[in-house]
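Look at the two complexes coming up: chain A is in both, with chain B in one and chain C in the other.
For the complex of A and B:
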C-alpha cells in the first residue's frame, strides 16, 4: 500500500475543516473496505481523515417522521437493527445480503453508497475516464456482469450499492456537512448528478470538502408495502446483476403511489417510471404486473454482452410486484 | 490519541502508538499508519496463525474477531483496532466451542491443506457464540465470507453442524 498521512477527526466539523485545508488531497476513512482495496492497487490519496471516532455518526434511530441512519452505521448494524426491521424491512433484507459477514461488520452505509464502481478494468488499473485516462474499455469489452443496460456516456459500470436503490425507493435524503453548515440532498439527485449519470467521476454535487453525515429516510406512509429482490451469480458475497426495490402505497386495494427503483443495471439508481405509472391507480393483478414489468425495461439499451439482464430485470420486477400483491391479498404486514 | 491535532492544522502522522487487547493480553506497539492488522499480527507480533491469503478482503483466511464480530484483518488498518479486543486463532481455543470445532475439523477431514482453516474456525466460532443451534443455511451464510479450495465446503459445514449438535448434547446431559 502507498504511504499516506493519517489524521483523526473528533467531530464532523473538524473533519470538514481538515478536508477544506487539504483541498482535495484527502479522503475520508470510515469502514475502509473500498478505500483500502483501491489503495492496495496503488490508487490512493496523500491524506486519510479517520472519522471512526465520531460516535454520533453510527447511530440508528427513529426521530419523529424519519428514520435516521448515521453514515458510520455498519451494514451489520442496519441488518440487525430492530428499528430498521420494523420501519423498513427491505433495507434490512438488502443490507444482510451485501458482500460477506466480515465485510458487513466493518463496511458503513456511507461507504456503501459512495463506493467506486466494480468495473474490473478500473480495479485493475486501466487508464479510463475514472482513472486519469480516456475512454471506457468496458463499453466494447467484457461487460457481461456489473454493467449498465440503460446506457452511460463516459462509463458503463453499474452503480454498485444495493442500499442505494432501496433508499431512493423510500425517497431518502443525505445530510451533508460542509464548511457552510449542514444541507439535505435527495439521495436520488446525489447519486444521479450529471457526472454520475455520465459515469465520469464522483457527482459534482458532493464537494471534496463535504462529509456525508447521515441518511434521513421518511417513515413509510400507512398502507405502504415494500419488496427487495436481488439476482446475483452467487447467493451471497456478490454484487447484484440486477436488483429491484419497490415501495407501493395502497388505498382500498388500489395502488395510489409507487416507486420502483432498479439497481445494478444503470450508472445510477434507476427509477422505472414507466412501470410505476403502469401500476398507479390500479389493483395489482397478474396482467397489470406483467405489463408493468415489461414497461420497466422498455428504455433498455443493453451492451454487447448483457442483453440477458433485460429479461432478468423484467423477471425481478415481476417477482417483487407479485410478492407485494401477495402480501396485500393476505393482509400480511 | 497521539495523532489527533486539536488545532486542526492538518499535519497528521505516519505512525501511531496503539494499545490492543489480543487474546486477553494487553499489547502496546507503535505502528506505521499504513500497516494492516494482519501484517501487525504476523510480521510484528509473530502470531502467524492468522493467514494472509488474498490480501484484498475476499478469501477470509485472515479472519479475526474484533470484539465478538469476525472481520478481515487484511482490510483493517492496525490503527483502527486501537483500544479494541482482538481474538485470533492462537487465543480462541481457550473456549470450549472453538476447541470442539477444532476437533471436529480434524476428525471429519474438514481441513485439507489447512490454509483457510484458522479463518473458518474464527467465523464458525463467532456463529456458535451468537447462535448455538444453527441450521445448515445459517452455517453456510455465516461461512460465506471464507473460501476453501480443497474441501468443497460440505465437510466444513458438516463439522460446524456436528459441533453444534455435540455441544447441545453435552449441555443437556
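For the complex of A and C:
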C-alpha cells in the first residue's frame, strides 16, 4: 500500500472544504471496503478524508413524506432498521443480501452506491478506460459474470450496487453537499452518468469536491407492493449476476403505476420500461407476468459470454412479479 | 486382542483442535524473529518469454533492500527429478512464473522494490490448450517435446487389458463422449510461507508443506549443503490437498536469501501468488468410450485423456499413470480396457495433485457416462456398475497381476447410500410459492489408490523417565491430525494410556524420514511403522519387567500403562515405575522402525448419493443432501474421518458447480497480459461457503485391510471422487440433459433447461 495522509472531517461542510482545497487528490473514507481493497492493490489517493465522525450522516428516519437514509448508515443498519422494514421492505431485503455479515457491518450506503465496478480486468490492473488506459478488455474478453447485457459505451461492467436498483425503483434522490450548498439529484440520473459518458471514475454529475450526504426516498403510495429478487453464484459474498426490484401500485386489483429496475445487467440501474408498460392498467395474471418478463429483456444485447443472463433476468422478473401478485391475491403486506 | 482396542476406533478429540480454533496453532506466518527480513517474488506478466536482460540496480540502491535474486544469482540445477524446473530461469513459462525475488526490512519496501526491477523480455510464442500443444509446430515449453515421457523416457502412460476393439464388437451398444474438466485450484486457506534462518553453516526452514524430508533432501542437494546441516520444520500446514506435496522454487529462494544476508527471512505468498505460482488442479480433456452388453455387462472401456500440466511438471507424470489405472481398477471385471493418458506442458500455471488426484477426474468421466448408459438402457445405475466393479480377491492385471485387492467395501457403501434415496429431503415452505423447483438424485462411486510404490516411512518411540512416550513421525499436520490418530495407534500397540503418548512431528532433526502426507498414505504407512516400533519397544520392556519382577517374558502382558503377570495380575509394574528404574540404571528404552511401504493393492472406496434442487426459472442449484459412505478399512478415529468427508463434500461441490480458473483468452492483444488468471482471489474464484453446504450424512464402512495398521487404510480422498460425479448425475436427473463440461455453471444449467424443455419460460 502506498503512503497517504489521513484527515478527519467533523462535519459535512468541513469535508467539502478539505475536498475543495485538495482538488481531486483526496478520497472520502467511510466504510473503506472498496477503497482499502484498491489501495492495497497500489491504487490510492494522496489524502483520505475520514467522515465516520459525522454522526448525523448515519441516521435513518422517517421525515414527513420521505425516508431519509444518511450516507454513512451501514448496510446492517439498513437491514435491521424497523423504519426501513416497515416503509420499504425490499430495501431491507436487498441490504441483507449484500456481501457478508462482516462487510455489511462496515460498508455504508454511500459506498455501496458509489463503489467502483467489480470487473476482473480492472481489479487485476489492466489499463482500461477506468484505469488510465483505453478500451475495454471485457467487451471482447471474459465477460460471463458481472457484465452488462444492455450494452455500454466504453465500459461494459455492470453497476455493482444491490441498493441502487431498489432505490431507483422508489424514485429516490441523492442529497449532495458541495461548496455552494446542498443539491438534490435523482439517483437514476446520478448513477446513469457512470460509464455512459467516459466510463471513468465517479459519474460526471458528481464533482470531486462534493459529498454524498444522504438518500431521500419518497414514502410508498398506499397500495404499493414491492419485491426484490437477486441471483448470485453463492448465497453470500457475491455481487448480483442479475437482480430485479419492483414497486407496483395497485388500485382495485389493477396495477396503476410500476417501476421495474434491473441490477447487475447494465452499466446503470436499468428501468425495464417495456415490462412496466406491460403491467400498468392490468391485473397481474400469469400471462401478463409472463409477457412482462419477456418484454423486460426485449432490448437486451448480451455480450459473447453472458447471454444466459437474459434468461436469468427474465426468470427473476417473473419471480418478483409472481411474488407481488401472490401478496396482492392473499392481501399479505 | 482386547487390549488393542482401547483407543483405536474411539472418537478422540483432535489434539490440535483447541489451538486451531483459538488461533494459537503455530503456522510459519506467525513466526517473528529479531531482524527478520520480508521477501516478495516478482512474477511474470507474460505467458512465455526469454529474459534478455534484468536490471536490478535501482533496487539494490533502495534503502532497506537487503538482497535481490535473479536467475543469474542462483544455482542453475533442476530442483526435482522432472528436469524442467530451476529455482529461477531465464525463460518464463506462464503468467505468474517467478522472475526475481527481493528481501527487505519490511514488506512495503520489498513490494515497492519489485516495481523497480526492469525486465527486458523477448516474447516467445505461447500455447494454452494442451491439444494445441501436442500438434506439430506448437511452441515448445521444454524442447524437444511438450508431451511428458515416463521412465524409461520412451514409455507412454498407456494401459492395456484384453482387446478393446474386440470388446466394442461384442457390445450391444457403444457410447462415446468427450469430457472437459476445467483447471481449478485447491485454494488452501493458508498461502505458502517460509521462514529461513542461516546460522553457523546450518540452514533451518520453517515451512508449510506436505513432505519436509523431501524438501530437506532437495535443499541439501541443490544448495550443496551437507544433509545434517539442513533442517526443515513444518508442523502446521493450513491445507495442502496435494498442492504443497513437493519442493518448490520458493523454498530455495527463502533459503538463499537467508544464506546471502545472514538474517532470518520470511517469504510469504499473497493470495494471488498462491493461485498463480502455487499449484493448480489441471485442466483435463477426456475421450471416453464404453461398450455394454444387453444385460449390462461392460465389454470394453477406452479412455484417452490429456492432462494440461502447465509450465512445469509437478507430478504430472504420476498423474498420467494414475489416470490410466482408474477405470481398469474400479471396473476390474471389464475384460477389455485401454487407457492412454498424456501429460502435456503449456503456458499456463503449473498443475499437479489436488484431492482425489487423477482418480477423481478419470472417475468423474466414468461415473457420469455409466449413469448415462444406465438411464438409457433402463438399468439401475448401481446394478450396472455392480456387474463390473472390483471385488475382494481380484488382481491388478495388467499392471500388477501379482497384487490382490484384499478389502473392497463398495457393496456395503452402495447399499447404505441407497437406503437414503427414498427419504426425500423436505424443501422449505417458500419453495411452494412458484412451481419452478425441480429435484434430482444422483449416485456415483469413488476410488483412491494408496500412496506411491516403495515410499519410505519411519517412526521412533522413546520411553521418557517420567513414564511418558514420545512418538516421532515425519509428516506435518495438514489438517488430518496424524498426531492424534498415530497416538491412538501407538497407545494401543504399547498398551499405554493415550494421555501418556506424545507425538512429535515434521521436524527433520527427529530423523524419521517419510515420503510425505498425500495419496491417503500416512495413516497406513506411518501407522505400520508406529506399530512395529511399539512392538519392539514392548518386547524390550517385557524383558526389563521380567528381570525386575522375576517372571518369564512369555508370562507377561501389557495393558493401559502396566505390564502384568498373566497368571498373577496382582504382580505388575507400570511404565512409569519401569522408566524411573531404568533411569536409575542409566538405561533408556527406545525403538525405531523404517520401511519402504507399498500399497498397490490397497484402495479407498466410496459411494455418494446426492439430492439437489434446481430453480427452473433462474438456474439456481442448491445441493440439499450428500450421503457419503466410505470404506476406510478400519476407522482409527471416526471423528477425524467425518471431518475428511465434510471436507470432500465442500471441495467436491466446488469442483462440480462453482470452481474454475478463468484465463484471459488472449483476444485482446493490446493488453499484453494474455494467459493471466482473471480470478485469483476468493471473490471471483468462488468456493462454496457454509451456506452452500448441504446436510451431510457421513457413513463409515469398515472392511479390514490386512496391509494396514489395525485394518485401516486411507480416508481422505475416495469420497471426493464419488461426490462430485454424483452431483453432476443428480443435476442431469433434475434438468434432463447431460453435462460434459465441468464445472457446470449457471449458464450451462439455464441452457440445459431450455434444451430439455424443463425451463418455465423458454
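The working rule: the second predicted complex is superposed on the first by the 325 of 333 C-alpha atoms of A that agree within 3 Å, B and C clash if a C-alpha of one lies under 4 Å from a C-alpha of the other, contacts with A are read in each partner's own complex, and residues count from 1 in each chain.
As a working rule, contacts are C-beta pairs under 8 Å (C-beta built on N, C-alpha and C of every residue); 3 or more make two chains touch, one makes a residue touch a chain.
Since the structure is predicted, the reported quantities are computational estimates derived from the model, not experimental observations.
**Student:** Check whether A:76 is in contact with chain B, with chain C, with both or with neither, and answer first, second, both or neither.
**Tutor:** first
**Student:** Would you check which partner chain A:326 touches, where first means chain B only, second means chain C only, and both and neither mean what they say?
**Tutor:** second
**Student:** In the overlay, answer first, second, both or neither for which of chain B and chain C A:236 touches.
**Tutor:** After superposition on chain A, A:236 lies in contact with both partners, chain B and chain C.
**Student:** A:253 contacts which: chain B (first), chain C (second), both, neither?
**Tutor:** Neither partner.
**Student:** For A:24, decide between first (touching chain B), second (touching chain C), both and neither.
**Tutor:** So A:24 meets neither chain B nor chain C here.
**Student:** Going by the contact rule set out at the top, does A:218 touch chain B (first), chain C (second), both, or neither?
**Tutor:** Neither partner.
**Student:** Can A:106 be said to touch chain B (first), chain C (second), both, or neither?
**Tutor:** first
**Student:** Could you say whether A:281 touches chain B, chain C, both of them, or neither, answering first, second, both or neither?
**Tutor:** neither
**Student:** Classify the contacts of A:179 with the two partner chains as first (chain B alone), second (chain C alone), both, or neither.
**Tutor:** In the superposition, A:179 touches no partner, neither chain B nor chain C.
**Student:** Based on the A-chain superposition described above, do chain B and chain C contact any of the same residues on chain A, and if so which?
**Tutor:** Of chain A, residues 1, 235-237 contact chain B in one complex and chain C in the other.
**Student:** Within their complex, state which residues of chain A touch chain C.
**Tutor:** Within the complex, chain A touches chain C at residues 1, 118, 120-121, 123-124, 126-127, 135, 137, 140-142, 144-145, 231, 233-238, 241, 290, 293-294, 305-309, 311-312, 314-316, 318-319, 322-323, 326.
**Student:** Which residues of chain B touch chain A in their complex?
**Tutor:** Counting only chain B, the residues touching chain A are 1, 3-5, 8-14, 16, 32-34, 36, 55-57, 60, 63, 66, 69-72, 75-77, 79-80, 123, 126, 141-142, 144-146.
**Student:** Where on chain A is chain B touching in the complex?
**Tutor:** For chain A paired with chain B, touching residues are 1-8, 10, 14, 17-18, 21-22, 26, 29, 32-33, 36-37, 40, 47-48, 50, 52, 76, 99-103, 105-106, 235-237.
**Student:** Using the touch definition up top, name the residues of chain C that touch chain A in the complex.
**Tutor:** Contacts found on chain C: 108, 433-434, 436, 615, 617-620, 658, 662-665, 667-668, 670-671, 673, 676, 678-680, 682-684, 686, 688-689, 691-692, 745-747, 750-751, 754, 759-762.
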